[in-house]
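Right, I'll just put the structure down here and ask away after.
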Amino acid sequence: MEMRETEQQDRVLNSFSANALTCIRNDVVLFSGLGFRLDCGEVLQIQGPNGSGKTSLLRILCGLALPDDGAILWNEKNIHDHRQDYFKEMSYIGHVNGIKMELTALENLTIAGALAVTNQSISLPDILEKMGLAEHENTPARKLSSGQRRRLALARLLITDTRLWILDEPLTSLDDYGRQLMRDMITAHAAGNGITVLATHDPVDIQRHKITMINL
Amino acid sequence: MQMFHNSTSTVLIAVLKRDLVIGLRHRSELFNPLVFFFIVVTMFVLALGPYETTLRQVAPAVIWVAALLASTLSLDMMFHSDLDDGSLEQFLLSPHPLIIIVVAKILAHWLLTAAPLIVAALFLGLMVYLPQTAIMPLLLTLLLGTPVLSLVGAVLAALTVGLRGSGILLTLLILPLYIPVLIFSVATVDNAAKGLAITGELYFLGAILVLAATLAPLATTSSLRIRLG
Amino acid sequence: MFEYFYKYGSPRHFYDLSKMFVPWLGGICLILLIAGLTGGLVLAPPDYQQGEGFRIIYVHVPSAWMSLFIYMVMATAGATGLIWKVKVADALARASAPLGASFTFLALVTGSLWGKPMWGTWWVWDARLTSELILLFLYLGYMALQTAIDDRRTAARAGAILALVGVVNIPIIHYSVEWWHTLHQGPTITKLDAPSIHISMLVPLLIMALAFMFYYAAVVLLRARYEILENERNSAWVCELIEQRRG
């Protein structure tokens, strides 16, 4: 219990901000001068029609792409100068799932765990169970439904203890059960002082927490 | 809660194992380059005629050109499926150095494509009447030369990943870079067949391998960052 | 020093500055070309062995030198663009490729023209010609990669990596081809090189080499200007420029 408190104190400091971001794709200015600041427990929701640059913005925020102008700061430090530190504390789930069709659900989680800084206290089968994939542990991802694959991708969020989640359309192809699960996960993450950035068509209602909106 | 940061070798082994498992579950992709290797050699024999003296002379060249083409064929797939399903993004965002993952992928590519070719070359050598004395040197050149193909190939596979018509573009870019390996390997086997010394050529192949192993993973890493950025 | 570099390294300043340089470089090139050609084709005595045919070296040898030189420039500019993010360097690298390929092609054509009277065939797998042929493949590969990537910034950076890979490889390729050639040496004379020659033959050769260098400098600047306009087409200063032109 004591340990938990000190950890919480460490985490109070987290902040995620973007200053004057500009993104130009194929001669079209998708956005310019975009900025925000998020502190512990906050959720940022990015909305906009298709092609408005939601995915481009998320790829810039997670450090995959460079903005044409502006900077992204994690704990007041530029993410591109402290890449390794940033990646330790950030999870990104793109609109493609990042899972291998040839591998089973468990194998997919294992490799994701090897690549991340993992949370040892939780076992992978437990996470699969939590995501409603308990009986699919040894099913190749190819044989899962698209909703189940999405849940498998989102399971990555639980094997690590990253403080920042960047989610691109997390609710895509999820059924009501999956959507509720996702909402609960984001709520719990925010309650634990984590920061979430997500892009969605339809608003995610998460009660009791501060939600910032950006419309692209 | 205890956070656990995997060691470098754990990551390397995990990615290597992942790629090997995927490769072994994709039997056709594993066997196609091998079949291609046999077919190309057969085509050469059909074009040249079944004369033992002619074939014996061109055997090293034929086997090496066929091996080169076969290993080029499978290069395109090195990062392609990882790009399509989003795994490559996850690799780039891992807190572990990307170069470790790249090295593991190159190693897996070599084990899955080149290692079978080396075994197959043993039989093909006999089929094109390669002298007994040249069989071992042939395997040695393949052992030293094919890792260079996987290493240099990885750089260009990373540069062209996801481009329209990347297969032919990759072939066009890569073949000129394979010339030194081809020249020295064929010369080694040729000399061995004539009963001449081959250590000089082998040292040279070894030097190329060391150079490629030093620089190629670095270049592949930055290529991937550039292409996905 | 760095301030100076950044000021004049900015695309806009380069665009203005290069405009002044191009006519001068072109003029010097023309004078050198006339001097070199007169010296080489008229004043220099015929070779005692090869007769008048040797005069093709005044085009062949400088082209071969330029083909390698431009690849080095391309790789250096590419690396500069990659490491220090100098936009002008990216434009120079991209503008150099077709020029380098042209010089390589010229070296190949003149080599093969020379080969007809000397060897009796249009093509001989001579070490120099084979190396030039492989260099042409490298240039064509670089250009193919540049056109395949739509985003010009990514294309420049990917091209830089490819050019650097090429630079590491060129000496190895060159050495291995030389070695391959001595291994399979035929009975023909294979010396298509600046022969150990009389000063009256050498001076025009050096002048021609210099003329080619100035030609490259003038044309690469001209091409880089267009590359920069294309790269910076969204920037304020280019839009301003277009407005001015429209009047």
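Order of writing sets the chain letters: A, B and C. Residues in each chain are counted from 1.
Throughout what follows, contacts are C-beta pairs under 8 Å (C-beta built on N, C-alpha and C of every residue); 3 or more make two chains touch, one makes a residue touch a chain.
Model, not experiment: these values are computed from the prediction.
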Please identify the chain lying most centrally, where each chain is represented by the average of its Cα atoms.
B
Pair joined by more contacting C-beta pairs (A-C or A-B)
A-B
Between chain B and chain C, what's the gap in Å when you average each chain's C-alpha atoms?
32
Between chain A and chain C, what is the gap in Å from one C-alpha centre to the other?
49
So what's the Cα centroid distance for chain A and chain B, whole Å?
37
Multi-partner residues in chain C (2 or more other chains touched) are none
Touching two or more other chains, which residues of chain B qualify?
229
Contact set on chain C toward chain B in their complex
134, 137-138, 140-141, 144-145, 148-149, 154, 157-158, 161-162, 164-166, 168-169, 172-173, 175-177, 179-180, 183
Note which residues of chain B are touching chain C in the complex, please.
152, 155-156, 159-160, 163-166, 169, 172-173, 175-177, 179-180, 183-184, 187, 208, 211, 215, 219, 222-223, 226-227, 229
Chain A residues touching chain B in their complex are 3-4, 7, 62-66, 84, 87-88, 90, 92, 94, 96-103, 107, 110-112, 114-121, 161
Report the residues of chain A in contact with chain C in the complex, numbered from low to high.
24, 26-27
Touching chain A in the complex: which residues of chain B?
1-6, 10-11, 14-15, 18, 21-22, 25-26, 84-87, 89-97, 101, 228-229
